[in-house]
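Please read the structure below before turning to the comments.
Letters A, B, C, D and E mark the chains in the order given here, with residues in each chain numbered from 1 onward.
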Amino acid sequence: MAVADTTTRALLSPAVGIDRSIRWARIRKRLVIGVPAAIVVLLFAACFLGPYVLPLPSPTGGDVLNSSRPPGTPGHPLGTDVNGNDVLSRLLHGGQASLIVAIAVNAVGLFIGGVIGALSAYLGGKADTIIMRGLDVLIAFPSLVLTIAIAQVLGPSLPNTILALSAFSIPGVARVARSSTLRVTSMPFVQAAALGGSPWWRTLLFHIAPNVLPQLLNFAMLGMGIVIVTEGALSFLGLGIPAPAPSWGNMIYEGQQSLSATPLLVLWPSLALLLAVLSFNLLGENVRDEMSGR
Amino acid sequence: MLRLIARRVLVAIPLLLAISVLVFVLLEAMPGDPARNQAGMDATEEEVEAVRRSMGLDRPAYERYFSWLFGALTGDLGRSSVSGLPVAQLLAERSPVTFELVFLAFVISLGIALPVAMLAARKPGGVFDRIVMVGAMTLLAVPNYVLALLLVIVFAVTLRMLPSIGFTPIEMGLWLNLQSVILPTLAMAIPLGCFYARFLRGDLVEQMNSADYVDTARAKGLGPWRILWQHAFRNSSFGLLTIVGLNVGALVGGTVIIEQIFAMPGLGQLMLQGVGARDTAVVQICVFIFAAVAVFANLFVDVMYAVLDPRIRYGGR
Amino acid sequence: MTGVGEEPPVVLRVDDLRVTFTRGGREIHAVNGLSYTVRRGRMLAIIGESGSGKSVSVRALMGLLPPSAVVEGSAVLGEEQLVGRTDKAMRAIRGRDVSMVFQDPARSLNPTMSVGAQIVEAVRAHRPLPKREAAARAVELLKLVRLSAPERRFHEYPHQLSGGMRQRVMIAIALAADPKVLIADEATTALDVTTQAQIMELLVDLQERLGTAIIMISHDLGLAASYADEVLVMYAGRAVEHAPTSTLFGNVRMPYTAALLGAIPQLTTPSHSQLTVIGGHPPDLGALPEGCAFRERCPRATEKCIERPPLEEHEPQHAYACWHPVDQRAGDVLSPLSTGDEAVKEEVR
Amino acid sequence: MTDSGTPLLKVSGLVQEYVTRGAGGQKAGVVHAVSDVSFELREGETLGIVGETGSGKSTLARAIIQVERAKAGSVQFQGRELTTMSPRELVSVHRDMQMVYQDPFGSLNPRWRIEDVVAEPLRGHTDMTKAERVARVAELLDLVGLDAARYRDRRPMELSGGQAQRVAIARAIALNPKLIICDEAISSLDVLIQAQVLNLFEKLRDELGVAYLFIAHDLATVKQVSDRVAVMHLGQLAEFSPADALYAHPRHPYTRALLDSVPVLDVVTGAVRRPRPLQGEPPSPLHPPSGCRFRTRCPIAQDVCASVEPALRDTGDGQLASCHFPLGVEAPRPAAVGAAA
Amino acid sequence: SGGGPAPSDSGGEVGEPQRGGEITVLLDAGYSGGWATGLDPATSNGTGANLPQNAAIFGGLFTLEADDDGSNARIEPNQAESYEWQDDGLKLVVTLREGIEFSDGTPFNAEAVLWNWIRELSSGSTGAPVLDLNTSLEPPELSQEFMDSLWAALPADVDRDAVMGRLGAIRVVDDLTIEMNFNSVNGAFVNGLPTANLNLIASPTAYAELGADQFKVTPIGAGPFVVELNRQSERLELVRNENYFKDGRPYLDALNFQSVAGDQVMYQTLLSGQGDVVEGLSAVTLINEARNNPQVEVHPGAPTSPYVVQLYTRKEPFDDIRARQAIYHATDFAAIQEGLFGGEGDLSQSFTASGGLFYTPEIEGYPEYDLDKAKALVEELGGLEVELGTTDIVTARSVTTALQTQWEKAGIDVTIDSKPLGDVITKFTSGDWESMLQTAGAWDPAAGIGVQVRFGSTSPFSGTPLPEGATSTADAIAKGLRSPLDELLVQAVATVDEAERKAAYTEVAEVIAKEAYGPFGVAFSPAQVVRKGVHGPGLTTPIPALAVNTGVLYDRVWVEQ
């Protein structure tokens, strides 16, 4: 009678891994999380420590007389851009901005969206209906337009970019949070907690949240890439992180304006972005698969 | 079924109203003075005031909102403050372009996603599966504006197979029309298709591995493709539908950038120009249409659920 | 129930069946040399604890195990060897020669297809009938499983049926191509007692009418005893006791079977009577101990049990694998561990 | 029914209904999950509840423990009315009324350590110090037969089903409750484990004097633990009798049918009795039959059964049944007796 | 004028013009490629930007022409035969060419010009020039038919008295002669004409037939081409005007304008063969890239408008001249020219460049680049924090970035604020700015967004101090107050004598330098990039930009067949 196991497992595991043969499996298992995790750590180290450890020039305030140098120029391993700024330095500093935006947006989305979604599910009834209708409006609203509007109203800057992008990460998170909260609250252990005399906030904090969070975190991991890309799209519309401060997004945007002349200026940030998105996605998915494999 | 549709439409109305209010508020909050924009760089204060009056901007915001709403409901969408043309006429010119783009992007993305996901799910962990899934993830990470430019460089500049910009209306020939929309459509459809493919493949594999009715189907002696299509996919299609519904908003919004790159005279461009010039009448209706498309797409998804899922169609026992 | 006149012909002969999974670099021996035969029109019940390899052993016959499973040994159905076939070759056999009814009828039917379509699909999987004829055959099958208003049910969807009706549909699907052997893997576990009895009744009836051999898997000793002709008790992937039903329950010899019997509440005993309990866990199939697998939980175990007892017919038609069989007729019960409390504490080694 | 003082639990006229919604959310019908159920439970007594799936057993349990408020009726526990209590007041009630669920893993938070799981009610309902709690948890784990030292730091996923269910029981008895509601508490366990847990319940009953509301599908299991048994059918009590009497001579044809559906194996002789299946499909809870809800499947139904709903009444020997023609009772109409015989 | 532009890369012999063929011209959607307000010269707000379209449809009374090397730029009558200033520069008499017809066959005569001019001055277009007309003259007797047609073509709420006043000032002398009477001398009027809507004459008959809305879309002029299809701000398709008044012209059978977003896409489209000409490619990297591409030719324009960093003197920090001087001294445009523009273009210390009128490369008293001085000044000020605004265009962004770097070397703390044009306008008009990178001047400094707009005290786009006694711009206008610089600017146009004007402008430049109102920098004109085989004045030979973009003479553009 494996009935019990299946229901519980279903809660904890949205996906079931496929059986793979050979004893690769164990090594694979470690690699599958280890490699993307290592890349993520490396990316963060490169972007947040690199600029202080490596002998790199400032990402801005380059010498115009030294502009558009090809990669391999002494002192500029990846060359310089039109403004004479060191591309490698911009890439690493830009990574800081992009990663900060990605993390901050997801953190804000996770927190606000999570709280909204969880409350909506937990309160249920009218409150749930009202909150969900409100989210419907946000979801139906073309996100890019909303972002443009917010960015226009507030003006481009790093914090405002974060704010604007959060606006459209919130409803998504809220939905996921709501549905998984609903699932968790229907679990008997939540009922048992009430019978055990736990006040609602304790239940929410210690029973529901720890079981909802992994799902949200995985969702957020997948969202990282989207945020970094969208930040670039904002640059495309003249918003986003204001020049000359670099971000991968605005580097790609600026580069693409003369793509055929200087394709490398697009290539570098695109590769960085690709690497980040790939490893975040892989990490998110594999961690989820792992958790479900338990 | 009709009742279901009617109900959903009723729910959509307050939603759309709320959206129109939200757009209005956002436009109000944006910095910049439409009257000044309209009057031009060297107009005097009096001229600007006159323009303001003639645009009706001296009235309070709620009054303007209601007169807009009333106008919209009675079929009068007002005139663009930039071109002075009736908004209805602009919409008539622009919407076909955007709708064609969005529609084709959907068709193509699903057209990519379905076979790819099926082939991948046929042998999970196989060579094809791995290649395709890594490829899909990679393409997903490429911003659509970069993808657009790359497509143009390859297909328009290097191979000269397709036009790099512009839109040929369908009246000038279907083939010419398709040629003009294929690159922008691909730029939108490829990332989307990758997304769908990944999602669908995951869902299919899960169905194939753990769904009991898949076991039943295998026990009947059915072939793998039939099981994949008839059993796994049918049940995966609900999840896919949900994702598709949720995506419409993003996709329609995404035309803003794609239309700009490909010089497509669509709603996205119109809206972007409108935002720049604080052309309230135009922006209001563009955003509204975008939102309405998303709302109705979700309505359509709900109806599709009912069509596809007998549990909804025939109710519970 | 058995042994009246000529024995019907053997339709399925399973010989030294072994199934091994590889998971995380570890080999899991789910089935370890299982042998039995099934005769036409007879019912074999396989019983045992959860994880004893019941489902795996029958799924191996159907080729329904995941690719990570390695199946060895032999299973001959009619003329055909089932072990070692490719999936494609297996497809021709599934449904036609051997078919299967699963535990949960609510989940074993595709919710998006009408009942009729799912039966038609099964009919046409092995016989290229035109659609109309296949549909007629499907309705016939629905009648065969005694579903009320078969013409109407044909167009209904699984969610519109009750649990019992769904299981009847599953049986109809399983019978679509006149299989020689029907496997019912806990086909009634998820149903109410009332429905369970109806479904069992139906199976027995079909078995008699169509001559289909049935392998029935169950936890429920009473159910097995009521319907099966033969019972096979599995433990840790092996058969530990195997005999015609009356022989087996008439005098249970294997301590494990006795433990199962003792642990089950009976309608005939008074309330609040103590159940006999044995502690411990079934062994880890990844690291099976030497000797008798039940040894560590067995109250009768001795040094001798470190050597594995073979499954042998110690008595006519009564095979068991034990050095120290119980003799129920002699009043043996599974003391001394009657309350199980101490056993509970022994549980984890 | 009872002659002692205030019963531990007194349920009267309990009604619970659910509105089901079809496509697009329109009302499709009302499920009469529990219809006018009344009974009493004494201290230290075990009441078994059996019935087919969907007969309202779980709903009844939920309405008693107030995780879902009933539509109508009253639930008195130790003389206190629960249905009108505020959630805050209910907290104190839950000290004495606990629940054990079907899915042992689902009822334990997978991210908590066993020790914290068991200590939760202690933290919620008492002001024990940490050290006291630790000691009590050890005591409780010991009581349910788990070695505290070995298990306290594990997480639920590292336990077997039986062990997990014991943890859930330890949690339920942590506050020495007067009543434990077990909703299919052993159904998901393996046969051998079931026996262990059943024995544990018995032991706790003896040692702590707990009363149980024991819900299960399996009639034999219910019989094993119960003093009295309630048979539910489509939201109603079909029969409510002392356990041994009910199994020996059921009064309601439905009880009879249930018993007949169970195969009986004599462990000693190996003799079996094959089930005698009930004919017909269970009716839909959305549209229960008029009159007696069992009449569509009842072998002895008469015309009156379709028009008059039978009330739950004493048919002698303290056996209550809601049937116009209770079995084994000298009935006014010989036809009915003949049919039952 | 001064040093010629860099030689074109065309090489090879250019043969005789050939007739026939069709080209597509790519226009930047953000500027000339946007004609959302339509092409009716009286109501269009984009006359200045939509030079290419207007040149093709209307041709123009006058055109700006230059020698093949871009030098000797001059105004030439086109549909007009000649013009003459009379009454000491208070009356302009324009004579039209004989025998011109609109493309609908109706005559192009003085009455048509009058009808157009009155409309263009009275329809509320932001492109209408502000003229000091002598409206005190009694309007002559005009035919009822004409008056009806005029009133019908004017907005319903038009100020009828003003119109009558204009009818007094602008008069038909005879069928081919029309005169315009001014209150004050306007020496820049004719030079400004080619970018003004007054230069464009449309068919009154066609207007009456088509109606206002349709006329915006398919206007009828007497230019070399006729509109066949017009999708506003997207694509304009024109075919040869068979009625064109110049024999054998235009050379092309058809001409298309396509609006495209951004330099990269324009360039790509050209390479993909979907366009033949990019009018105005400004991204330097792409221009360099194009130079290396054998399929296309790059023709740099004759630069007229230098970059200027406007400083807002009416509030902190630039109300202090030391802060402004610090900016001057910290700015090294020579390095920017070298680094960003590959040494192309001119360096200028005033508001014009080599292609323009009155070019003086060196201005006396101009505070030149001197980092030490800048540092000293900043130190004296106790630090300097500046917001530097710019319009969101690639090249402008690069320049601001470079400026930021240079200024920071002098200890000036800079934040860059780059915004779309609309938002920049808003910033200007609300006075919410400190410094702004813009371009100043035009071929004639008084034309277009010229020196008056950037430095006149009452212009909303200027940061120079208000006249003494004025509390706001409006106040200054109301009281008729002028700053000394305003006086000089007025002087510079209050004569038709070129030498006098040049002297006045030199003085203006000196005042700006002395007061340090804003450093001037590189004058770089966007390049025309054409497919090999396309020729024409303004495309393959430079013509100075009248205001912002070059006026290509499309009736003389031809392609090798």
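Here is the rule we use: a residue touches a chain if its C-beta (ideal position, glycine included) is under 8 Å from a C-beta of that chain, and two chains touch if they have at least 3 such contacts.
If you want to know which protein each chain is, UniProt gives these names: A, B = Peptide ABC transporter permease; C = Dipeptide/oligopeptide/nickel ABC transporter ATP-binding protein; D = Peptide ABC transporter ATP-binding protein.
It should be emphasised that the depicted structure is a prediction, and the values quoted were computed from it without experimental measurement.
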The chain pair joined by the most C-beta contacts is C-D
Please indicate which chain is farthest from subunit D, where distance is taken between mean Cα coordinates of the chains. E
Distance from subunit B to subunit A - Cα centre to Cα centre, in angstrom: 23
Approximate Å spacing (C-alpha centroids) for the pair subunit C, subunit D: 30
Please report how many Å separate the Cα centroid of subunit B from that of subunit D, as a whole number. 53
For the pair subunit A and subunit E, the C-alpha centroid-to-centroid distance in angstrom is 47
For subunit A, which residues are shared contacts with two or more other chains? 1, 3, 18, 20, 256, 259-260
Of all residues in subunit C, which are in touch with two or more distinct other chains? 50, 66, 162, 219
Residues of subunit D whose C-beta touches two or more other chains: 190
Within the complex, subunit C is touched by subunit D residues 52-53, 145-147, 150, 160, 163, 190-192, 194-196, 198-199, 202-203, 217-221, 223-227, 243-244, 247, 257-270, 272-279, 281-282
Report the residues of subunit C in contact with subunit D in the complex, numbered from low to high. 49-50, 148, 162-165, 192-198, 200-201, 219-223, 225-227, 245-246, 248-252, 259-279, 281, 328, 339-341, 343-345, 347-348
Seen from subunit A, its contact residues with subunit E in the complex are 60-68, 82-84, 238, 242-244, 254, 256-262
In their complex, what parts of subunit D are in touch with subunit A? 65, 67, 91, 94-95, 97-99, 101-112, 120-121, 123-125, 157, 161, 168, 171, 187-190
Partner subunit B, residues of subunit E touching it in the complex: 29, 34, 36-38, 43, 45, 126-127, 130, 213, 216, 231-235, 258-262, 264-265, 268-269, 271-274, 420-423, 425-426, 428-430, 449, 453, 459-461, 473-474, 477
